[in-house]
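For reference, the structures are reproduced in the following blocks.
The following pair of complexes shares a single chain, chain A, combined with chain B in the former and chain C in the latter.
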Partner chain A sequence: MKRLLAIGLGIVTSIGGFLDAGSIATSAQAGAAFGYGLLWAVALGTVCVIFLVEMSGRFAIVSGHTITDAIRKRFGFPALAAPFAVTMLVNLLVLASELGAVCVALELATGIPFQFWAVPVAIALWLLLWVATFDVVEEGTALLGLVTLCFVVAVFKLGAEPAELMRATLVPTLPTEERAHYLFLAVSIVGATIAPYLFLFYSSGAIEDKWDKSYLLPNRVVATLGMLFGAAISMAVIVVAALTLKPQGVRVEDYHQAALMLIPAFGHWGFKLFLASLAIACFGAALELSLASAYAAAQTFGWNWGEDLKPRRAARFSVAYTGFIAVATLIVLAGVNPMKLTLFSMAITAVILPLTVLPFLLLMNDRIYMKDHVNSRFSNVVVVLIVFLSAVLALVAIPLEMFGSQ
Partner chain B sequence: MRRDELHLVRDVLDTQVRDREERAMGKVDGIGLELREGAPPRVAYFEIDGVTAWSRIGPRFARWAGRIAALWERAGHPYRFTWSQVRELDIDLELDVDAERTAAFDLERWLRDKFVSRLPGGR
Partner chain C sequence: MLSTDYDANSHAGMRLAALVVLLALAGCGDQRAAELESANSWSVTAVLAARHWLRGEVPSAYARRTLKRAAEELAKGPLPGAAQPVEELRAAIERRDRAEVRALLSELAGG
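Moving on, here comes the complex of A and B:
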């Protein structure tokens, strides 16, 4: 019964927590510019993230270590330092993206420019982490996050053609124009789908909730179904944008244009639903990111960590997320276009994936840690192929996008 | 784990250290050997110290870390312990000490006094 509850809750958490600034921004742009053309990129990223999330849960269950802990112990501090520094830097950009997106949602709702919202939103975020417990943070935001299911409802209301969707999901195509931008969006989508903070967060949660071997099966079910359903919402954003924004030739340069996509399905409620989805999904992601980054710091240096600990009992951990939120807030205050920042951060995420995934994969095949639960050759090959392909493509796509061939 | 087969680098270095109340103190950042005349070297101490950890990457990193750590370090740095203080070595290494009374908690204490306790809810 307890396991069943854990499965149900895990799936709801994954669905409600799947969308974030990265997936909303990349999906909205992709749908508006290329129709269904990039659905396959979500599918590709999802296959990889299912494997990675399942592995990170299995690793925590079998070895009793979080991933960061084990990377340091197995490969030493010098080997962890570079991936750690890069991950923190990218997490910071992504956190700024999430905060920025929440602020834009508030700007669209009130008319007050988004920079003015940065400090109040950051304080709300910090206060929740400071006073609430892990379960409240995780389950509360996930439940509210179910509002993002409105994109799936919209797909049905707009009457998308299932056969066409299926084909675009399974068969990648290359457009005749704007190939550089297409490639850039493809890697950004993969980066948004395989967010490393997601599986670092998941493994820390498994340790904090003291999962034992009876959770091996629930872990597998949650990873697979949760990510699949979550990805369905991400795909729904592409489909809705393809059906509503593309025919009118709307180019999504920032969230203002993206916010119009639900209106044909829901009328004036569509606008409000989009804002609610954006604000809640990104706020939830910001919570997870702040925690995941503080976890990473604490596990790298061996500090007391845990969302259930009072700040007094884990001062280094609490100050870590406090500082992290403060710096991200400064980035938002600087007034960078939140959507541009998001797309850029997602593409960079794709570049750095091998740095975190490779040492993790080595651990997943190490019998000292995993005993009889090491990876199958199949899952190794799938993850290595997708991660390295995305990194190489991202290295090509980023300069093309920045210096423009269009 | 068979204790007669302990590998210093594989099993001890970079392991999480906890005190007797399971509070995370830090990682085993370094291991010191004592060289003896006419006898094999002997493990003298283990240390928890950010500067030691950074010095494993390079002297410049160690200098930077040292300058920053000077903000909160009190006497007794770096924190060193011997094998006789180890209660258990499994996933983590557990010491028979009170973390609050050690130099390993200097940063924790400093942040608690300077920041956490001055913020609402941080008492």
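Moving on, here comes the complex of A and C:
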């Protein structure tokens, strides 16, 4: 019974915590520009993230280590230095885009420019991390994040054609126009779906929650169903944008435009639901990102770490997330368009995926750590293929998007 | 009901968008086409935001900010003249002059 409850809660928190600025921005833009044409990209990213999240949980359970900690011990600090530096830099950009999106939600509600919200939002974020326990951070924000299910309800209310959705999800198509932008959005969606912070956070969470081998099955069920249902929300954002914004000719270049997408389904509630979804999902993601980055820093340098520890018992860990939030706040204060920042962060995430994923895959096949629970060949092949394909496509798509070639 | 409302909603937006496109019919390249599409998108956004404001579906603060943003984007785009009607809509919303907003939207729809 206790296990069933744990599974249920795990799935619910995975669903509520799935959507973030990356998913909302990339999916809204994809749906408005290409209709259902990029649903397959969410499906591709989801297959990969299911494998990665399951692996990160299994690794923590069997080895008793987090991923970063084990990479440092197995390959030494020099091997970890480059992936660590790059991951931190990208995490910083992604955190700035999450913070920026929360601030934009407040701008949309109040009319006060988003930069003015940067400091109050950052303080709220920091304060919650300072005083709350891991369970409050993980489950509290994810439960509130269930508001994002409104996108799924909107799909039904707007009467999307299931057969058409299924076809677009399973069969990738290439548009005749704007291929560079299509490719850029495809890799951004994959980057948003396979966010490395997600599985780094998950493995640290498994250690924080002291998972033992009895959690192997719950881990598999939570990773599969949680990510699958979570991805359904991302897909719903694409579908809603395709049904409401694309026919009008609205291209989502800014959250002001995306905010209109739920109104045809819910009237005045549509606007409020969009703001709540954006603010809660991105605030939750900002909490997880700050923690994931502090975990990575602490585990790389061998510091004390743990959200459940009092800040004075994990001082450097607490300083790490404090500094991280401070720098991200400066990026928001600089006034960069949060949606543009999000899209580029997601595309860059796709580029660096091999750096984060490959050392992890090596560990997943190392019997010293994994004993009889090493990866199957199938899961290795699937993850390597998707990650490398995404990275190569991102390397092509980013310059094309930046220099405006069609 | 939903789609009909939304079709009507976008009517004025389509007119304004058509105006934007017509104004720029003289030959243009890929870059220009992308800029025009963006201008079209912002003009439709402005009209939708004003329509939703009239129906009480979005707050005034949102409508004002969105129309301001739309006017800025249109002003720096290929057809800065398209920013003018959007700016007028924003000013009418600022004054909470519903009749004026309605009149401006019908003017655009009839235009």
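Definition applied: the second predicted complex is superposed on the first by the 405 of 406 C-alpha atoms of A that agree within 3 Å, B and C clash if a C-alpha of one lies under 4 Å from a C-alpha of the other, contacts with A are read in each partner's own complex, and residues count from 1 in each chain.
FYI, a contact is a pair of C-beta atoms (placed from the backbone, for glycine too) under 8 Å apart; a residue touches a chain by one contact, two chains touch by 3 or more.
The shown structure was predicted, so the numbers you read here are calculated from the model rather than taken from an experiment.
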Superposed partners chain B and chain C on chain A - clash or fit: fit
Superposed arrangement, angle subtended at the Cα centre of chain A by chain B and chain C, nearest 10 degrees: 140
Which of chain B and chain C A:166 touches, first, second, both or neither: neither
Which superposed partner A:244 touches (first chain B, second chain C, both, neither): second
Which of chain B and chain C A:157 touches, first, second, both or neither: second
First (chain B), second (chain C), both or neither touched by A:334: neither
Partner chain(s) touched by A:402 [first = chain B, second = chain C, both, neither]: neither
Chain B versus chain C as contact partner of A:271, first or second or both or neither: second
Which of chain B and chain C A:259 touches, first, second, both or neither: second
Distance of closest approach, chain C and chain B, by C-alpha atoms in Å: 35
Shared chain A contacts, counted only where both chain B and chain C touch the same residue: none
Residues on chain A engaged by chain C in the complex (per definition of touch): 107-112, 157-158, 244, 247-251, 253-254, 256-257, 259-260, 263-265, 267-268, 270-271, 404, 406
Residue numbers on chain B that touch chain A, as the complex places them: 9, 13-17, 23-27, 29, 48, 50, 53, 56-57, 91, 107-109, 111-112, 115-117, 119, 121-123
In the complex with chain B, residue positions of chain A that touch it: 63-65, 69, 72-73, 76-78, 81, 130-131, 298, 301-305, 311-312, 315-316, 318-319, 322
Touching residues on chain C, where the partner in the complex is chain A: 2-3, 5-6, 10, 13-14, 17, 30-31, 34, 37-38, 40-42, 44-45, 48-49, 52, 55-62, 64-66, 69-70, 73
